[in-house]
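Presented below are the structures under discussion, each in the form of structure tokens.
In what follows, subunit A forms one complex with subunit B and a second complex with subunit C.
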Partner chain A sequence: MTATATTTATTTGPTATFPAPTRSRSVPAWVWALPPVAVLALAFLYPLALVVQQSVTPDDGGTLSLDPYADVFASEVFRDALTTTVWLAVGSTVGCLVLGFVLALVIAFVPFPGGKAVARFVDVFLSFPSFLITLALLFIYGSVGMANGLWTDVTGAADGPFHFLTTPWGVLLAEITYFTPFVMRPLLAAFSQLDTGQLEVASSLGAGPLRVIRQVILPEALPALAAGGSLVLVMCLNEFGIVLFTGAKDVTTLPMLVYSKAILESDYPAACVVAVVNIAISVGLYSLYRVVSRRAGA
Partner chain B sequence: MLVHSRAGKWATWAVFLLLFVPLFAVPLLVILAASLATNWSGAFPSGPTVERYAAATSGDSLRALTTSLVTALAASVLALTLGGWAALAAASLRNRGKRFVDALFILPVAVPSVVVGLAVLVAYSQPPVLLNGTRWIVILAHTVLVTAFAHQSVAAAVRRLDPMYEQAAAGLGASPARVLWRVKLPLLLPSLTSAVGLCFALSMGELSATMMLYPPDWTPLPVQIFAATDRGSLFTGAALAVVLMTSTLLVLAAVSRIRTRASYR
Partner chain C sequence: MSAPAPGAAAALAAPSGIRFDGVTVSYGGTVVLDRLDLTVEPGEVMALLGPSGSGKTTALRAVAGFVRPAAGRVFLGGRDVTQLPPHHRGIGMVVQQYALFPHLKVKDNVAFGLKAHRTPKAEIPGRVTEVLELVGMAAYADRHPRELSGGQQQRVAIARALAIRPGVLLLDEPLSALDARLRSGMLAELARLHRELPDVSILYVTHDQVEALTLADRIAVMDRSRLQDCGTPEELYRRPRTEFTASFVGNANLLPVTVAGAGAVELGDRPLAVPTDTAAPGATATLCVRPHLVGLGDGPNALTGSVTEVQWRGSTHRVHADVDGHHVMADLRELREPPAIGDPVTLHFATEDAVLLPAGAGAAASDPAGGSP
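Moving on to the complex of A and B:
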């Protein structure tokens, strides 16, 4: 990989007085890039191509046709899953942005002892898998969990009031909890570069905290918010563990549908169609995220 | 700085704690507490026991833990080799080639992991390569999923590398292989180890793709946790989850020790 850049020839240079770099004797740089690209193509692109191929091949072996797409698009389950996925992802993203912004503001601009530890804790949080949150919520709000147990102890009722965990709201709560740190991290990085003098000037000129936030901090934070928000949006669209662990039968998202079609029903063409739709949505959004975050310089 | 009055500060901190503690600290504490309890139907868990840890570190659970550790280790080493090689090779390419390699190695992040699982399952359940039902299909899927992260962090480090060092080494007559081995890789070591740590943590917690293709004799820990909670043994699931978190953190701590020693060099 360094072959062409660093090899120098001593005799055949175009200028006679100084040895100039030439590309003789060494392989071109792109040859060095071939092995990893080939491995990734075999392990990743070839399977993806097969998924696309299978999505246009009906189960009975026929030739190329768009029938699987027509079948899947016409089905109630798919349309439900699509709307559920989109509103859950958008809802979680908005929730994460609001919550992450507020928490990051306090950590950065109303510093308190232990703030560093909290920021460290957020980093550790990111290295845990998402389904742990749902597992914890099962203990807190589950049908035999803490909250319902407290309620029945206090009121003597046979059943507690908390049953939202198996509804989309439970998934929403878990996704907001798990993905908020992904918004906080770029925000904290952006806030640490903000010149605090600006804040002092604004507030000494009489601006209240809310006005300082709106007119000084928010404009500076927008690129980080946009980058973090679009990353979270993509991750929420693709989230599987959280939905699987709630065990909710009526919450079906696109990744969940891929899993149930392929593994539970062995309907591979349908699973591949859903997969292609899911890829299209998330690759499109991820490209948008790359553009936004490059603009933001993150 | 933003809030100047004492009362205002305390009010802000109170709101912060009210949001932060229930949302982020309580879930992890709840899992830890539940793993040590036999029963939890009131405000607090009852019947303290360490029995679950005895069960979680023996038999099937122990096998699941070693399965996860071996898978994560293999996947992160493979991913680092693949992603790191690509990042180093792309650095000496021209603009268009570099952008192509970068885009290609980013792609697995953008594709949902369930779909990566499905794709690997579809591709390697049919000839010419039959991997379905073996452990290799799990390792392969994990490698694909974490390669993007390895590539991203090594590529970022390569961009920050000062070209003076390699130019000086090459100017003194070192061969490209020697420049790579004695100059570039040592300089990159801190970011290589942090990339390995990241890949390891991601692979340890990977559930989506694994659910699609794990064979019965190679069940990683997250699958075991799901199996336990799915059949209603939440407390066993909690103990397994604590084992998962602890082993991930221990490996991350060990890896970050390598990093600090290397950066003093």
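Moving on to the complex of A and C:
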């Protein structure tokens, strides 16, 4: 092929002769791919395979079986954990979407002193660990937190009224607080791309602020909302630290169930079954997130 | 574009006419529009012409309600709208980048304002078709903006603005995103549109003098946040009142002279015969002569000097000359043998083609190399 190309080039003109590129005796490309693949396989795929294998291996050893799945799916604890996980994740996602949309709207379109600093803080917030937010909420709404302290100081009562932090509502609040910036970030990026001329023209055409938001801004923000929402949903499904730190004893999510089965009960097949279910849900939603993100360009 | 829809013009019933009454706009202490007094009559096309940062877009945005004047009042159709939010002003607006809603089809873009004004549903399709026919875009009603060319998008933007039957139409550099050929065609379309909608007052913001001269009934020349001059295109071109107007509305030779007596001035030691009107002898003034009114060779008001540059412009040559240290331009019909740089040259102009301006009045940085036209 190279020789043909050279011949053709030579016949087209006096200056068209180029030496055929000589391929050095280089290492084949697939060799370079081996180290990262090996690391990935050893550090991630192999342990994952072990988890899957353990999930189909009964506790008493024996042949591969789906019995552990049947046992786990039949247990009320698992069904409760699955329900709790899903509703907390969905509730948190909806809360994050609503709160994130409103806050991003304010930051992007309502000029106020320090607006840019707030937008930058959103970026910084993304790097905070989730337990930190929960810890902060404990300081405010915990049994001996500021809110209850203020209440007892003012009313003289022995106890304050704020005890929701150890309930699912506390987990919901913590997750919404922590994950809202994950919705705001892509939204702020989308809003920065929005032609402000569209908003002004819409106003001049008689559209009030709510109509502008509903009919101009929201359709433009939908891809970013979908991308941010998918991400938050996946992260909420897998959230462990927040649930643990709120100390909500009655709130069992799938990650908490894996923890209790594996560490507290040493029931590894059941823990692995729950983990596999959690992974399957997460991978499915992550795939959805990737598709949505690609479409949104986020 | 197609023929106008029947009754399109007659249906326009919204109050027309704009009045700026001492409107001042400032951002953080910086005045960007300074005491603007200007009236746009019902049915009139007023061009706000000026360089970037002259305050022309701010004036338009004050009419639209997007900036709140620090002082003064804005009136639409005789009604004080200074405190009124933009969505209650009932104006049509077209901006530079069209600002079509990308998720809506052409017909839905055009219907947007009608829905916002709670027009009866049964009426909307007819009104949409009417304005789309007016701008020749009826065949594209089911397309999305991304499927249209720049010129087509601009037509849709105009149709969208006209659909609500506004008495006032604001056009903010509407042609600047189009290439030269499309721009020329759209200028003609806008002129035709105005003939078909004679009751609509149009405020047309542009930095392009050709657009202003072609389209406007009157031009308001702005510079450094202030209104410098206002008049018909012909008045401003033939009899500018300030140096800035002379240099911005068409190109001009601006030469510092001293009034020697009635009908006589001196450029250095060189006597020239020009109309001096009421200028007192001994007063300094600026002589304005348009380059295309300067001739080559000897004649009345002869100016001898040397050629500093020659630019071929297709049908004309622009000859730049140095006359006693002053820069003089002449636009000459294409020369068979143009002079070379450094050649001695004699230029002249007729007395009636010169205008004497008060020295330094509304002076602006000139473009010695000569911009268009």
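Annotations for the structure displayed:
In the analysis below, the second predicted complex is superposed on the first by the 276 of 298 C-alpha atoms of A that agree within 3 Å, B and C clash if a C-alpha of one lies under 4 Å from a C-alpha of the other, contacts with A are read in each partner's own complex, and residues count from 1 in each chain.
To be clear about the criterion, contacts are C-beta pairs under 8 Å (C-beta built on N, C-alpha and C of every residue); 3 or more make two chains touch, one makes a residue touch a chain.
Treat the numbers as computed from the prediction; the structure is a model and nothing was measured.
Annotation: superposed three-chain arrangement on subunit A; subunit B versus subunit C shows no clash, the two fitting side by side.
Considering which of subunit B and subunit C touches more of subunit A, the answer is B. With both structures placed on the common chain, the touch criterion links A:Y259 to subunit B but leaves subunit C unconnected. Of the two partner chains placed around the shared chain by superposition, subunit C is the only one that A:D195 touches, whereas subunit B remains out of contact. Using the contact criterion defined above for the overlaid structures, shared-chain residue A:L288 touches neither subunit B nor subunit C, since it reaches no partner.
Centres of mass aside, this uses C-alpha centres: at subunit A, the angle toward subunit B and subunit C in the superposed model is 90 degrees, to the nearest 10.
In the superposed model, A:A248 lies in contact with neither subunit B nor subunit C. In the superposition on chain A, A:V77 contacts neither subunit B nor subunit C. Using the contact criterion defined above for the overlaid structures, shared-chain residue A:V56 touches neither subunit B nor subunit C, since it reaches no partner.
In the superposed model, A:S203 makes contact with both subunit B and subunit C.
With chain A fitted onto itself, subunit B and subunit C come no nearer than 6 Å, counting C-alpha atoms only. On subunit A, the surface touched by subunit B in one complex and the surface touched by subunit C in the other have residues 200, 203 in common.
Residues 1-4, 8-9, 12-13, 15-16, 19-20, 23-28, 30-31, 34, 40-43, 82-83, 85-86, 88-93, 97, 101, 104-116, 118-124, 140, 143-144, 147, 166-167, 170-171, 176, 179-180, 184, 198, 201, 204-208, 211-212, 222, 225-226, 229-230, 234, 237-238, 241, 244-245, 248-249, 252 of subunit B are the ones that touch subunit A when the two sit in their complex. In the complex of the two chains, the subunit A residues touching subunit B come out as 1-8, 26, 29-30, 32-33, 35-37, 39-40, 43-48, 50-51, 54, 99, 102-103, 105-107, 109-112, 118, 121-122, 124-125, 127-133, 135-140, 142, 144-146, 149-150, 153, 176-177, 180-181, 196, 199-200, 203, 209, 212-213, 234, 237-238, 240-241, 244-245, 247, 254-255, 258-259, 262-263, 268, 271-272, 275, 278-279, 282-283, 286-287, 290. Listed in rising order, the residues of subunit A touching subunit C in the complex are 195, 197-198, 200-208, 211, 215-216, 219-220.
On the subunit C side of its complex with subunit A, the touching residues are 64-66, 85-103, 112-113, 116-117, 157, 160-161, 164, 170.
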